[in-house]
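Each in structure tokens, the structures are laid out below.
Here chain A shows up in two complexes: once beside chain B, once beside chain C.
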Partner chain A sequence: MPKCTIDGREAEFTPGQNLIEVAKKVGIEIPYFCYHPGLSVVAQCRMCAVQVEKMGKLQTACSTPATEGMVVHTRSEIAKQNQRSIMEFLLINHPLDCPICDKSGECDLQDNSYKFGDSNSRYTEERRTYLDLDMGPVIKKNMNRCIHCTRCIRFGEEVANIHEMVAVRRGNNTEITTIDGRPLETDYAGNYSDICPTGSLTLKDFRFKRRAWYLKKTNTVCEGCSRGCNMEIHQDANRVHRCLPRVNMDVNQYWLCDEGRFNFHYLHSAERVVEPAIKGKNDDLSMTDWDSALDAAKAALVGARKLTVLVGSDLTNEEILLLQSFIPQHLSGAEIVHFGTAGVATVADDAAADKLLKRRSKTANLHGIEQLGLKPFRGISDGTDAVLVVRGGRAELPELPSVKLVGVGVFEKSEARNFSVVLPGTAFAEKDGTIVNFQGKEQKLRRAVIPAGKSKALSEILMMWMNRKSS
Partner chain B sequence: MASKILSQKFYAEMEKLIPRYPTRVALLLPALHQAQEETGWLPPEVLEEIGAYIGIHPAQVREVASFYTMYNLTPVGKYHVKICTNVACCLRGANELVEQVERKLNIQCGETTRDRKFTLMEEECLGACGTAPAMMLNDDYYENLDSKKLDQILESLE
Partner chain C sequence: MSETLYIQHFNEQARPLSYYLEKMAGYSALKKALGMSADDIITEVKKSNLRGRGGAGFPTGMKWGFIPKQSSKPKYVVCNADESEPGTFKDRDLMRYTPHLLIEGMLIAGHAIGSSIGYIYIRGEYTREAKLLNAAIEEAYKAGYLGKNILGSGFNFDLTVHRGAGAYICGEETGLLNSLEGRRGEPRVKPPFPAQAGAFGGPTVVNNVETLTNIPFILNNGGDWFAKLGKLEKSGGTRLISISGHVKKPGVYEIAAGSMTIRQIIDQLGGGILGDKKLKAVIPGGSSAPVLTADEIDVVYDIEPLMKIGTMMGSAAMMVVSEDYCVVRLIQRITKFYEHESCGQCTPCREGCKWMEDVIHRILEGHGREQDLNLLLNIADNISGKTLCALGDAAAGPVTSFVKKFRADFEAYIRSGKNAQVHH
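So, the complex of A and B:
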């Protein structure tokens, strides 16, 4: 491997790698704004300029590939002077409103100012201000904070494939905007907020919910479709506040779709059944204790002449395996099939749903459940007099006959309206487990929050079932 | 799409220009010029129509049209006065000329008189630094201006 020297440290690199990436590998931070590894390089902000021996002027590290024997100084007097000047320049029009800015604590502008800028400003003149038009339901715009790095524009054009975010006018008056406050059209809009290095583009869904430094992070995988984008769940006090993408070049690169990003809301929905429930006198669900609900479930299922078990392809491999050994022993004779997305019965029906990430299967483990040998649901067979539905929170319920219905897992009250019994289970953020994405990759779901209300893990529910002596 | 605002002639002109450019997007600048010639300024519906014709998002049309000052995104008067206030012209009294017009027409820079006759704007370098101060009146240049000359020009306009 060829080598270069950065701040006296020897650094190996693969040809074509730029100085920012090479420096990162040996633990040296070159500050930058307009560069993003998932976007084209425009060398626009000048923050990353470094001194390269034998080259007259400072070179922008984002657009300079390392070469054999190159000697680079990122903290020499002249490099530092540039960093200070660029910071001063970028902050001339900045409102310095970190105390009320949602990006605070995870803001490149704030961090770089702290690390590489001056603590004083010499600027006393009037600041440029903008009137902010709306940008639709996902993104809140605050252009006074913008540093015109154009990352958002490039994301739209190069990744989301829509040139809807633009820079109008020019020079000091440049403004990043959509046309006259039109809503963003892409269904990947959340990424605009992730890549913005300032608080100009924040998530409406998340802003003012929690300061970044209070959030606890769990590495997990999105359950929104069969891609299984890698993501982080950010929670505080067992409440999920947002999901952010984790880089995985093979699966989702740097991105998440909006559907996956905001999918978590059902966890905390007031409509979710989080206590054991049985059908009451007035034909609606009423909450009860676990023992009574288990007895009711057994009564409904054990005596059935023909039982069908619908297993959601939103469950983990571990849960599916448990059911595969439990059902033949305790509900023998039952037919076990899987369900998940209308129109996507098997892996053969699962295809790309757009040009970027989304897949047609809206459950994350269709591929896993098929590998484990379950057959797809093709309709209720004649004579069925009881149905057991086991699912996470995502699998789409098919139309169910009016027979005895028992649900185990995550249901909304309206979905379970006709159920005799609901035993509340855990959703993707409340459990550990393995899912298999459309590429055949096994990935791990990680528990980020404790199960809501009285919900219990499937393993625990089945254990209670086995240990409960029917009265 | 709603009924077209731009004429047959516009589209015929564009079809003639297509072979001259390496890409279709490169047609954007001439299209904006041609459209402005027809409609006097570029209302949002015209920008949409051009976007649809070229096959780009209307926001992208807006981006380009707002970058160049010669495209009018708001209606302008019959006479569009553009006075250069860049360095050479500024040193030769351009700012005073701007003020003079503001007083005379009773409008601020960037505004249009109520009778829709005049619009006044500051312009960046017109490339006439050698004969500063300079201004453009619609498509014509006026150079070596002074206060008297400017008055005469404005008064000669119908």
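So, the complex of A and C:
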């Protein structure tokens, strides 16, 4: 491999790699704002300018490919002077409202200011200000915080395939906005906030919820479709506040769709059944204790002439395996089938749902559940007099017959209205497990929060079933 | 007087094709070029020591030589007629009076680089010149100098006039190409240079109007002849100079390259300072060129000598300032221009130009502070050489030179709070 020298360290590189990436490999941070590895290079912020021996001017590291024998200085006096100067330029018109800004604590502008800027400013002129703009349901724009890096414009054009963010006016008055101030249309709008290096584009869903430094992060996988985008769950005090994409070049690169990003809200929904429930006298669900609910479930299922077990393809492989050994032993004769998305019965029906990430299967483990041998649900067979539904929070319930219905897992009250019994289980963020995406990749769900209310893991529920001596 | 190429034709009668054919050996250079190989044409242009007339002074033959012979995408010849550098108005006369020279120059350039598509990107304010160019292009099409199978040679060339929308930054060649393509007029990251990926991604040569109008003369008389017109090494031909400001006879003049000093030009061509006052300053190459004081003007007016004393010839636009003009007011106006014309994509230019203008404006309004001058020098230094394109340098150079060379004037202005009311 060819080699260059950065700040005295020898660095190997693959031809074409830019200096920012090469420096990263040997542990040297070259600061930048407009550069993003998933977007085109524009060299606009000028923050990454470094000194390259035998070249007269500073060179922007983002747009300079490493070459054999190149000698680079990222912290020489002239490079540091430029870093200080760019920080000063970027901050003269910035409101410095970090105390009330949601980006604070995870802001590139703030971090680089501490690392590379001066703590005082020489600016005494009037600051430039803009009017705010409503950009639709996902993003709130605060243009005064913007540093014109144009990442959002490039994300729209190059990744989301939509030309909706633009720069209007010119020079010092340049404004980054949507065309004609229209609301954002893309299904990937949350990424605008992720890639914004300042607090200019923030998620409406997350604003003023938690300061970044209070959030505990868990690496997991999105359960929104069969791609299984890698993401982080950010929670505090057992409440999930947001999900952010995690880089995986093979699966989702740097991105996450809005559906997946905001999917977590059902975890904390007031509509979720989080206590064992049985059908009451007035035909509605009434909350009860685990013992009574287990007894009711057994009563409904054990004596059934023909039982169908619907297993959601939103469950993990481990949960599916458990059911595959539990049901023949304790509910023998039952027919076991899987369900998940209307119109996507098997992996043969699964396909790309758009040009970027989304898949047609709205459950994450369709491919895993088929590998484990379960057959797809094709409709209730004649004579069925009881149905057991086991699912996470994502598999879409098919139309169910008016027979005895028992649910195990995550249900909303309205969904379980006709159920005889609901045994509350765990959602994707409340359990560990393995899922298989459409590429055949095994990925791990990781538990980020404890199960809501009295919900229990499937293994625990089945164990209680086995140990419960019916009265 | 030494030989001039253009100035004798700068009148309305010179415009039609008939005049061009009769009096200026019109399209004979094209005929000659069509019989030559591309390499021979480029060699001839290299020999001529023709340097770009737009401002940077890059050797034209070398620029053409960068265009790859083979290309999967079409190649383009683009004429930069966005003449926007304050003080510059020579290309306007070339297009107004000798449009066919430009057309012929572009045809030869097209033949030399293997391109059959040309664009003239003309600044939006030049409405009259755009009309005249279109009329001349129509004449050339009718006479068979443009279009398919030109003069039976098998060479095709189409030429289109594209009008800009009034942005200085579109005179920067990649900003121009973006604008030509219908994008926002912002310079591109280089490399790739236009020779590799220019208009619509194809190899493109971008030349100034005057650069291209020199080409027919070079082909007709030979590169050596053209090189010898210039009085210095590495700078051939003649130069059209736009003289403006406090001179008795402002206008466009033509001199053999390197044949006169600035003082001689002001006195002999410009007719001396207006009102026979003393000279205060000369901005030698368009408003972006660092200013010269009255005792720095005994310098030969050409690319290398001016570079040696820390300024530049730029587009050969000489702005002359007499003794009683306020330099604070002058630099404020210049800085305001660059602040207004900054495209806004790169940080130092977007933020720095406005900051400098704010500070200078504050000084002008009588609210200057002692430390403002060092602040200005420092801001200019933080812009200079650190921007995406040359506009940052164009804005910083004047500020640095004005503050350094006329510091006493600035200090006096700041101390008195106000000065030279008459100039406001």
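What we mean here is this: the second predicted complex is superposed on the first by the 468 of 471 C-alpha atoms of A that agree within 3 Å, B and C clash if a C-alpha of one lies under 4 Å from a C-alpha of the other, contacts with A are read in each partner's own complex, and residues count from 1 in each chain.
Here is the rule we go by: a contact is a pair of C-beta atoms (placed from the backbone, for glycine too) under 8 Å apart; a residue touches a chain by one contact, two chains touch by 3 or more.
Computed from a predicted structure; not experimentally measured.
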item: Touching partner for A:Ala23 - first (chain B), second (chain C), both, neither; value: neither
item: Of chain C and chain B, partner touching more chain A residues; value: C
item: First (chain B), second (chain C), both or neither touched by A:Ile147; value: second
item: Partner chain in contact with A:Ile179 - chain B first, chain C second, else both or neither; value: first
item: Which of chain B and chain C A:Phe89 touches, first, second, both or neither; value: second
item: First, second, both or neither for A:Cys45, with chain B first and chain C second; value: second
item: Contacts of A:Ala167 with chain B and chain C, given as first, second, both or neither; value: both
item: Overlapping contact positions on chain A, where the chain C interface meets the chain B interface; value: 167, 169-170
item: Of all residues in chain C, those that touch chain A in their complex; value: 167, 184, 189, 339-348, 350-355, 358-359, 362, 375, 382, 385-388
item: Residues of chain A touching chain B in the complex; value: 162-170, 178-180, 182
item: Interfacial residue positions of chain A with respect to chain C in the complex; value: 41-47, 49, 57-58, 60, 63, 81-82, 85-86, 88-90, 92-93, 122-123, 125-126, 128, 147-148, 150, 167, 169-174
item: List of chain B residues in touch with chain A within their complex; value: 44, 56-60, 62-63, 66-67
